[in-house]
Amino acid sequence: MALIELEDVRRTFTVRARTGRFSREKREVRAVDGLSFTVEAGECVGYIGPNGAGKSTTIKMLTGILVPSGGRLRVAGVDPARERVALARRIGVVFGQRTTLWWDLPLRDSFELARRIYRIPDRRYRENLGRCVELLDLDGLLDTPVRQLSLGQRMRGDLAAALLHDPQVLYLDEPTIGLDVVSKGRVREFLREVNRERGTTVLLTTHDLTDIEQLCGRVMVIDHGRVVYDGGLDGLHEAGESERTLVVDLAESRPAIEVPGARVVKVEGPRQWLAFPARESAAPIVAAVAARYPLVDLSVREPAIEDVIARMYAEVAIG
Amino acid sequence: MAEPLTGTLAEPLVEHLAEPLTEPLGARTRWAVRSWWLCAGMWMRSTMAYRASFALTLGASLVTHSLDFVVLVLMFRHTDQLGGWTLPELAFLYATATFALGIANLLVGSVDGLGARIVNGTLDTMLIRPAPALSQLCAERFSLRRLGRPIQALAVLVWSLATLDVTWTWDRVLLVPALLVCGCVIFGAIYVGGATVQFWWGEAKEIQNSVTYGGATLLHYPPTIFAKELVAGVVFGVPLAFVNWLPALHILGRPDPLGLPTAFQYASPLAAALCVAVAGLAWRAGLRAYRGTGS
Amino acid sequence: MPNAPGLYAAVARGAFRRYSTYRAATLAGTFTNTVFGIILASSFLALWQARPNLGGYDQSQAVTYIWVSQALLVTVAVWGGGFQDDVQDRFRSGDIAIDLYRPVDFQGWWLATDLGRAAFQLLVRGTVPLLVGALVFRTRMPEQPVTWAVFLLSVLLAVVVSFGLRFLVSITGFWLHDSEGVRSVMLVVSMFFSGMLLPIALFPGPLGELAHVLPWAALVQAPTDVFLERRTGTGLLGPLGFQLVWAVVLLLAGRAAQLLATRKVVVQGG
């Protein structure tokens, strides 16, 4: 069953720019320009693209906040623009950078409000809350005011609040932004669980490629309001030859080191950045560095999604 | 974390799909009020988290708002009448206008934060909840500390009613509560209608202040001291005169400086209903424009 | 401190420019001042019709009193605000502790921004209501040109006194969890004792005597007295001297509070 359907969806904005001290100019901007795709129930889709590509405009149309300028749009069987409130009961939304929890009140109170606003039947509420508390490890936090929670704890609270009413679709906007590695892992594990266990359809926008790698079987890249890539993550890596970065801290400052299979892209005191193809394993390169130079510390950085996409465009332009 | 699933949770909640998509107006209004009540309750408990500050600001708000009346009293130390009206009569005007503004401000005043919510994007988080955005917006930062204004207004009203030299016929008696309720509704509608302008012009909040706070200040004084054009403006333009001036003319047995038909002195409920209708339509139009259906 | 006067002048200019970018807000605020001016001037007119020459003001002076006070309301920040909102933001973000250690003096910096703000507010929110008032009502403008210059000096002193008061309120934020409460109490006192609502000459007996010596009289009462030429020649030294004394006392008090705050931050390690 197709849960999200878009057919040639367009959205234009009129932007008024100041051109002089008193003169203004009206300009039409196409934020979304002929978008068509379908998401089946139970899918987990990464929706990515550079800033200003039309991601948030799409999400706003899918949630019924914005009305499309043209085209056809259906989510969970309803037209979001016309049935915004009815749709609200069937979707969950989490903004990574904006909590919907009540700042000065215990976490539990935010959940209680959700119960009433979404009119969740009592039994269903107890079961869902119990399950979320268990999976997200919120047990000791329910009576803590939200302002005293860490960023990671707050995000877990937001996720729980968005799922108490059993939404069919879950929109996530940067759910792991600013979190430490442990918290990121926990959030991803939970989302995987929700997607598998309840068959909740997940649409995820993020700048963190690892989110996509670990959660999404399908990626859509959007740019200038159009889908420029729709497929598996592997295909994306192939489409744009991406590189990972190995950051090494040597015992002392030295000129750019030489390691087969990698090239030094930056040197800063004893720290050096080595780029290598994303599909290669980091292990032989680490071994090679360790064998030749005294090594203090190292870390591997995943390619930024922008880099991957940027490379993809470069490829498209050349090919 | 990965333990076997319980059967009930894996099924999607299908009852939602059976729900009618559009509900009748009565049910929608009840739901809007209930949403407001739920959100306001959350805000009230939030502000209670800072008790000391709460007590101090409630006290300060009581005194601040009393000051306007103190000024009137000080004026009457130098004269027996202002524009032909006595102090108890002015106190009646002051109390009714202040009460109406105070209650409207308590219940829906926060709607004037709309412009800021559009700019920082939090209006969107309200639109994705199944509760009306207007209810959520009006309940925003709800706090009982705003009771300072209506409480002191009631105190002044009691003093005024006890001191006024009026023959209390039944229609005059009935007009007092009617005037209080209609006044709250009119100011409430002005808050909502005025805030709606912020959908198009984000900085309109201050203009709205001049209608609400300025309007209430205007209504503290008798209509006789103002230019006739101004009085006509608040009868036929922004219908502030229906908050207290027109019914007060009847209650206090004063001639109408504009010489309008007496029907106007009973017309506050009609004016209030009209204000609500206009504000409601304006809100709808504003929200449509924001979502992009309008223009 | 490298080239301090130049630096503070730049800070003040920056604040002036910043406020000048809030065009719509300024426009709307000016409108509000004008609306209130019309309402209050009408009420004063009615009062002075009943009691001509009340408090030593004739009718046109009384009406002008309202318009000058509306012009001063935001310029002198009788309500509070201006730099106070910025300081409050810095308390919320925790940056305030860093501010105390900047090479620029904390008090001096905020005074400079407030003077820049006041200059802009006077230019727009000061002049427009005064002009409208002069057009719609029978007002009394200064007869001697020099009065305008003395008035500007008096407004400058009023802004400094107002800054001194607001600085003391804001700095309580170092000790109180939330200085909102203090601010709202201050607003009440300030609106009443500045003469914003009623000329102090109309206050009864001891209340009037008290109001005459409190610092808030320097905010509105003193500049309006200058504007209405109730004091001329050497008589001007009265209100101006009064303002100057309070300005110095309050700035020194603010300086002392700042030292205490710095010490507190040092003890807590920022």
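Letters A, B and C name the chains as they come in the text, with residue numbers starting at 1 for each one.
Definition applied: a contact is a pair of C-beta atoms (placed from the backbone, for glycine too) under 8 Å apart; a residue touches a chain by one contact, two chains touch by 3 or more.
Computed from a prediction, not measured in an experiment: that's the story for all the values here.
Viewed as a network of touching protein chains, the structure reduces to a simple linear path.
Think of the whole protein's Cα atoms as having one middle point; the chain whose own Cα middle lies nearest to it is B. We define each chain's centre as the mean of its Cα atoms; on that basis chain A and chain C are separated by 50 Å. Chain C has its Cα centroid 31 Å from the Cα centroid of chain B. The centroid of the Cα atoms in chain A and the matching centroid in chain B are 42 Å apart.
For chain B, residues that reach two or more other chains under the stated contact definition are 50. Remark: chain B residues 50, 52-53, 56-57, 60-61, 63-64, 67-68, 70-71, 74-75, 77-83, 201-207, 209-210, 214, 217-218, 221, 224-227, 230 touch chain C in the complex. Residue ranges on chain B touching chain A, taken from their complex, read 1-2, 5-6, 8-10, 12-13, 15-17, 19, 21-22, 35, 38-39, 42, 45-47, 49-50, 121-122, 124-125, 127-132, 291-293, 295. Of all residues in chain A, those touching chain B in their complex are 11, 14, 60, 63-67, 69, 77-78, 81, 83-86, 88-91, 93, 95, 98, 100, 102-105, 109, 113, 116-119, 121, 124, 127-128, 131, 135, 145, 165-166, 168, 189-190, 193, 197-199. Of all residues in chain C, those touching chain B in their complex are 22, 24-25, 27-29, 31-32, 35-36, 38-40, 42-43, 45-47, 50-51, 54-55, 177-178, 180-182, 184-185, 187-188, 191-192, 197-198, 202-204.
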